[in-house]
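Consider the two complexes below, in which chain A is the common component and chain B and chain C are the respective partners.
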Partner chain A sequence: MKLFRSNIFLWCLGIALAIQVYIAFETPIGGSFSDAKMLAMNGVQDVTPIKATLLSYDPVTKLGRFRDLYDDTGHVVMSDKAYATKAAVGDVLVMSVAYDKQTATNNLVDLIRVNPMMTFPMIQGLGELGRNMLFHVPMSMVAFIAFLMGTIYSILYLIKKDFDYDRRARASSAAGLLFTALATITGSIWARFSWGTFWNWDPRETSIFILLLIYGAYFMLRSLLEESEDKKARIAAVYNIIAFVTVPFLMFILPRITQSLHPGGGGGMAGGEAPIINLSGKVHTDRTLLNMHWVSVFLFLFVFLWLKDVYTRILRLQDKQTEEN
Partner chain B sequence: MSSWQGVLRKDLAIEFRTRYGLSAVIMFLLITVAVILYSTPGEQLQPSILSALMWIALFFGAMTGLSRSFIAEEERGTSLLLRLYASGESVFLGKLVYNVGLMLTLAASALLFFEFFFARDFHIRDWPMFLLQLSLGAIGVAAVSTILSALIGRASQKGALLPIVALPVLMPLVIAATDAMRITLEVSNAWDGVRGDILILVSFDMAMVLVSYVLFDVIWRD
Partner chain C sequence: MNFLEHNALYVVGIISAVIWLGLFFFMFGMERRVRKLENQ
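Right, the complex of A and B next:
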């Protein structure tokens, strides 16, 4: 496509990605009073960020009354200075709060005033790691779209016998493999800090491993065939279609019915359904995080389309060169 | 006689004459079982281990036996004749039915070996579900090996290519079947536990048979 060859498009995409990365890392994360209490009681962490609206401040007892995102009211021990310099009644704040187990009070450590639209919720057990939801999940989604497009191009090749479809199928699957690898890398970094090791053979990890094997085999098959270009392309197209039959099983079905460390596995999560991937097909998560997640999907989709376009053009040039020789 | 039955009869006649497929597969199974038994003397084998071992043996047994169907055709140089004699779909159906039969025989002999050699640990608690998952798994393995061996048969380098391309494609099936087998070895009323796996097996089999039926013609005609 012509769009992918314009410099303006590439600059816009690059800048948008940079902004997205900045947002993903810099947006404050705020939980609730019950999160802070639970994490402190379980000994996970003493200081927890809380997102809440300041309702009133009592200068005598130094207590600020807040309403958090679940509409629970909580009291935080503040100082006059913090109140005077950083907060006003009605402000939405993200504050670091130390929960004292002995006295059951919240003590203010630090606080910032935030744009209520630009905060991420604290997901139990993830904390700061929840930011990876803007990379890992969109990358997996784009990988699926890439494999789907590769298969559609393979079908088109078999119908129309036009070599260009074969090149596009190859480029789409290669980009899909790249995004699968990226999702695996971001996922295993996430797993390292969330579950303790880079690789746990969780059902979803097994699935993505098999997916890498399948599309690895696709490219291997292609390079091992010593046939005419036409026959090679036909065999590869058939294998690509057969390979795609397994993708829904690996990406959608198997991880949902087996016990998994990932959210949305057969066992379900403590405290209700998993936020995004669950059996009822509903999304339960904060609006801001969800919207930013879709922005990520959109941006990565354009990255994929651009990569696919570049690789298709490389393949076209290679074919042209072999024809000339 | 419709022509797919002719293809089936031809393959069966060759098999009875040479007994290549079945004996290769049974040798493979025996060796697998012997190695497992040798390396685990006196050990209690859990259902999870046993189900994984059985499906590994079945998978690689299938790769040695079932891969022959089209590759042998190419090696003997009879594929051109077959192309003249029968239509693409009858060749596919004949080969598929033959492979399903071979795979079911393989599964039955694997079951026999496991019952005999692992008599202490291998107790099937839910027979109907066990046989259901075993036959559904066997059909899926046969369907995938049929289309993929046709695919590889067209390539000039055949040797080791089939396991490489078939193993990852069959993984979802093998995982579901292994899980279902483990449950039937553990509990006597297994339907609630295996329902999801059985659904996966049925849909995988149907999808693979349909897709390969449609795609076979593309590979078969030159």
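Right, the complex of A and C next:
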């Protein structure tokens, strides 16, 4: 693709990626009064970040009256300092609130942000870890697109017998494998903080592991065959098409028919009718998080196309060198 | 693991940044090398 020959485009992509990483971790998470209460009552966490609009403030009792994102009103015990120096009536505040079970009051722990540009939702059971939706989920999506493109190129190779399609199929599948590995790594790090262990053979982890083995075998098969280049490419193309048949099953069907700790897997705190992956096929995720997730998908898609492009060119150069020798 | 648990957000943030920006610079290097070879 000509696009990737432009240095300006590549630097723009790099800067956009850096900005996206920054936004993913800088944007505050803001829940509601009911989140703070529920998490404290269940003993999950004592301090919860909430997002609410300040309706009024009483300097005598130091009580601030707020309306949260579900239009529920609630009171938070603030300090004059937090009010006078940072916030005013009408401001949207993101603050850490400690819910006191005995007195049923919300106490301000820290004022995180006043009038934030955007906030991510407080997904119960995920909390700060919900940010992984901007990395892990887009990576899996791009991996699927990569495998799909690899299969299409393999079919085109079998039809047209043009070696360039074979090179593209190889490059797409290699990039798909890399993205699957990255999705597995980010998922595994997430699991360490969410489930307490890096790997516990959850149905999702098992299915992605099988997928890694299937596509790993594609490259092993290719390098171990001692046939002519033409026959090698044909066998690899057929294997690639067969391998892709398992992808929808491993990526979409298996996680939906088994009980899993994975968000949306029907178990755990964020299970059941969960944000993205659920049986009713509806997306329940907050618009801001979802939109930022699409930005990630878009950026990672360019990274994949670039990766595929560079690898195809390397393969072309290698083949040219072999022909010359 | 105490350090990891208390600084989960920073750890994950740094890992993500390293993965993405590392991949970007690695790709940029590859792109330059491929261009050089293509022009030979």
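Everything below uses one rule, namely that the second predicted complex is superposed on the first by the 312 of 325 C-alpha atoms of A that agree within 3 Å, B and C clash if a C-alpha of one lies under 4 Å from a C-alpha of the other, contacts with A are read in each partner's own complex, and residues count from 1 in each chain.
Quick note on the criterion: a contact is a pair of C-beta atoms (placed from the backbone, for glycine too) under 8 Å apart; a residue touches a chain by one contact, two chains touch by 3 or more.
Given the structure is predicted, the values throughout are model-derived calculations rather than measurements.
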item: Chain B versus chain C as contact partner of A:25, first or second or both or neither; value: second
item: Touching partner for A:190 - first (chain B), second (chain C), both, neither; value: second
item: Which of chain B and chain C A:135 touches, first, second, both or neither; value: second
item: Chain B versus chain C as contact partner of A:220, first or second or both or neither; value: first
item: Which superposed partner A:243 touches (first chain B, second chain C, both, neither); value: first
item: Partner chain(s) touched by A:234 [first = chain B, second = chain C, both, neither]; value: first
item: Contacts of A:80 with chain B and chain C, given as first, second, both or neither; value: neither
item: Contacting residues of chain A [partner chain B, same complex]; value: 158, 206-207, 210, 213-214, 216-217, 220-221, 224-227, 231, 234-235, 237-239, 241-243, 245-246, 249-250, 253-254, 257-258, 266
item: In the complex with chain C, residue positions of chain A that touch it; value: 4-5, 10, 13-14, 17-18, 21, 24-25, 128-129, 131-132, 135, 182, 185-186, 189-190, 192-193, 303, 306-307, 310, 313-314, 317
item: Interfacial residue positions of chain B with respect to chain A in the complex; value: 144, 147-148, 151, 154-157, 161, 164-165, 167-169, 171-172, 175-176, 179, 196-197, 200, 203-204, 207-208, 211-212, 215, 218-219
item: Residue ranges of chain C touching chain A (in the complex, touch as defined); value: 4-5, 8-9, 11-13, 15-17, 19-21, 23-25, 27-28, 30-31, 34-35, 37-38
